[in-house]
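I am attaching a structure below and will ask some questions about it afterwards.
Here the chain labels run A, B and C in written order, and each chain numbers its own residues starting at 1.
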Amino acid sequence: MTSKFGHLWILAAALFVQTSAAEAHIVAARLGDFYAGALHPLTDLRDIVLWTATGVLAGALGAPKGRWLIPVFPLGLLVGLSLGRIFGAASTQLADATMMLALGMLLAAAARIPTFLLCAIAFAIAVMRGAANGADLGPDTDRLLFAAGLACAGYGAITLTMALTTAFKRTKSDSSASWRTIAVRALGGWIASIGLMMAGLALAS
Amino acid sequence: MSWRILRALSTATAIFLLTQPALAHDQAGVPGGLLSGLLHPVTGVDHLIAMVAVGIWGAQLGPPAIWVLPITFPIVMAIGGVLGVLRIPLPMPEMVIAMSALVLGLAVASRLRLPFSAAAAIVGVFAVFHGHAHGAELPGSANPLAYGVGFVTATGLLHLCGIGIGSLTRWPAGERVIQALGAGIAGLGCYFLAQGLGAIA
Amino acid sequence: MTAIRYLRLALILLAALIQPSLLRAHEAAMGVLEFREVRPGAFIGRWTMEPTIGPERVDLRVPSHCLLRLPEMNCGQKGLVGPITITNLGSNMSVVLLKVIPITGEARSYTISTANPVVSILGAGAPTLETWLELAKTYVNYGIDHILLGADHLLFVLGLIWIVGGGWRLVKTITAFTIGHSASLAAAAFGLIGVPERPLNACIALSIAFVGVEIVKQQRGEIGITARYPWAVAFTFGLVHGIGFAGALAGLGLERRLLPAALLFFNVGVEIGQLAFVLLVLALIWAHRRLDAVVPRWGAALPAYAIGSVSMFWFFGRLARVFAAI
């Protein structure tokens, strides 16, 4: 029963994401700054990869550790958004790539990192991405609404990704050789390799 | 078990196919990058057969190869990719890639049982070369990140195909089919190798 | 007890911070541009309702054979046929209504929105398939926009979900709400009932406060009327909210014969938006259960108080406007 629902949610989430990504720019112009903030991350692949990776890592570590991210991640986004105003649009290409690599490696190695470290990593990513999202805001954007939208999107994305990961992994019957655990770790391998290549590219250019 | 994997695979493919046209409307560069990244490993037949062969061989070898492979292969490949990005040349890349299809095909056809470390070393060397070929394309791509995501995903899915095919080994008839497939891959590898040599000569 | 009082105060302050911007988003700016034909092919154009960004900043493009120099537009022999575009519709201006009043025949209305920045003026004659498609696209999108920007409607739906929980009961409740607001939307759009907008908005705010109170009651173990007959409550307040939806359509001044279709498409759009919201909330509830991340005991009453505070703030704000109007 749970598995059926899990599949349903995965499909629903996938469909939701795909339509929103297509419509993001139109919707942002149509629906004002709250939705602009909520949908802005979907227009940047770095956000999609990093947010998903964070959520999957937290989910793979299990609900007791992961659920701290529900408040931490949106908070980090807000902090980043307000800091982004001060620092301006600094290039975060290398930092993004390093974070992808780190998250992917932790996930692939199935490392049991402590809750504090998980929160610190997630917070750092959120601050970085929050600043990046706020970098190209127009002067007539309502920053409060944009921030609210971004925080809501961060909360929703992280919570759903974590829950989907725990549902997929079925933590209760956790054995290291189960194909579900391996699938999650393989995803980590993919993310790490993307991060590695992006880091190489950032260093090369 | 395997039909579950199959279902997950089909779901993943469906989501991909669905996502693609949607992303095509999105920010400039992402669709092109993602598409070219996805297609690069699939359209190059030499890459495609080698990746599938890696999956099949991993499944034949059984644990731990079957689960170490999908986790570490992309990372090792990415190391090659970084070399490609940095324009550090490798000796005779085309030849080694053709060789990889030949060697892996032969390994599958003969059900070669190597110790895990030896198999890992062989696959690792080939992974670096394959990654190098993909990585060289990366900086020129419309959106490098999208290209990277695309080609890592495509490679992973090809492995999954290979592992799926490899799980046929449980049945005797399936074992024969796989060996035939391995021989076919080795043959194609031979062809590419000959082509490469012909081009050199 | 004092702690709760402080909490309430904090929430009200928070609501005060959030509220004005939300309200601004909800009352999306609209402009109405009227072209009246004074002699064949020649029109006088004027803004009967000016967009907030100012009429001079609207980038209006007319068919190439027409010469536009507001307030005059001359289309010559061919008449006003072809595409009219507004290129700079953005976050400050979501919809422009275009009215074309020919010398002979009925007046026509066209809606230009960000999702649909081009309208084709079809000239005189019966509505064609293209007209219908255009209408459908415009009004479904408009309906979706309206519900997604209507924080008050969404908050009410959230409250209902909170009380009813998931499952079959929720399906019935949401269906009742849908039937309720569809019925009153239709009735109001056809002019069968007329309710002044300002008191109505105050009522809508009050309905949300009611749901907030019901949540608190439920948490104290009392079985409120909403918990017992959720569909009845949803239907009743659906009627109230539906009249509110009609207010959004009323300003568009559509042709009478196109009104039923426009209404249908608008309603479809509203349902799509509402369904998406309900699914998102259910997904998040499922995720929270899955992660075992539920509101701790000391904070259990917090969401209900938040809903109540925000809605009461809206209520007083809207009530003030009612008196200001008098």
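Just so we're on the same page, contacts are C-beta pairs under 8 Å (C-beta built on N, C-alpha and C of every residue); 3 or more make two chains touch, one makes a residue touch a chain.
Since the structure is predicted, the reported quantities are computational estimates derived from the model, not experimental observations.
Student: Make each chain a node and each touching pair an edge, then name the shape: line, ring, star, complete, other.
Tutor: line
Student: What's the farthest chain from chain B if centres are computed as the mean of the Cα atoms?
Tutor: Farthest from chain B by mean C-alpha position: C.
Student: Could you say which chain's mean Cα position falls nearest to the mean Cα position of the entire protein shown?
Tutor: Taking the mean of C-alpha atoms per chain, the most central one is A.
Student: Centroid of chain A to centroid of chain B, CA atoms only: how many Å?
Tutor: 27
Student: Taking the mean of the C-alpha atoms as each chain's centre, how many Å separate chain A from chain C?
Tutor: Result: the chain centres lie 31 Å from each other.
Student: I'd like to verify one number: the distance from the centre of chain B to the centre of chain C, where each centre is the average of its C-alpha atoms, in whole angstrom.
Tutor: 51
Student: If we count contacts the way the header does, which residues on chain A are in touch with chain B in the complex?
Tutor: Those in contact with chain B are residues 7, 10-11, 14-15, 17-19, 21-22, 24-25, 43-46, 49, 104-105, 108, 177, 179, 182-183, 185-186, 188-190, 192-194, 196-201, 203-205.
Student: Write out the stretch or stretches of chain A touching chain C in their complex.
Tutor: 5, 9, 12-13, 16, 26, 28-36, 63-64, 66-67, 70, 140-142, 144-145, 148, 156, 159-160, 162-164, 166-167
Student: Note which residues of chain B are touching chain A in the complex, please.
Tutor: My answer: residues 1, 5, 8, 11, 15, 18-19, 22-23, 25-27, 30, 63, 67, 70-75, 77-79, 81-82, 85-87, 135, 138-139, 143-146, 148-149, 152-153, 156.
Student: Along chain C, where are the residues that touch chain A in the complex?
Tutor: Against chain A, chain C makes touches at 17-18, 21-22, 25, 28, 89-92, 94, 113-115, 141, 145, 148-149, 276, 279-280, 283-284, 286-288, 290-293.
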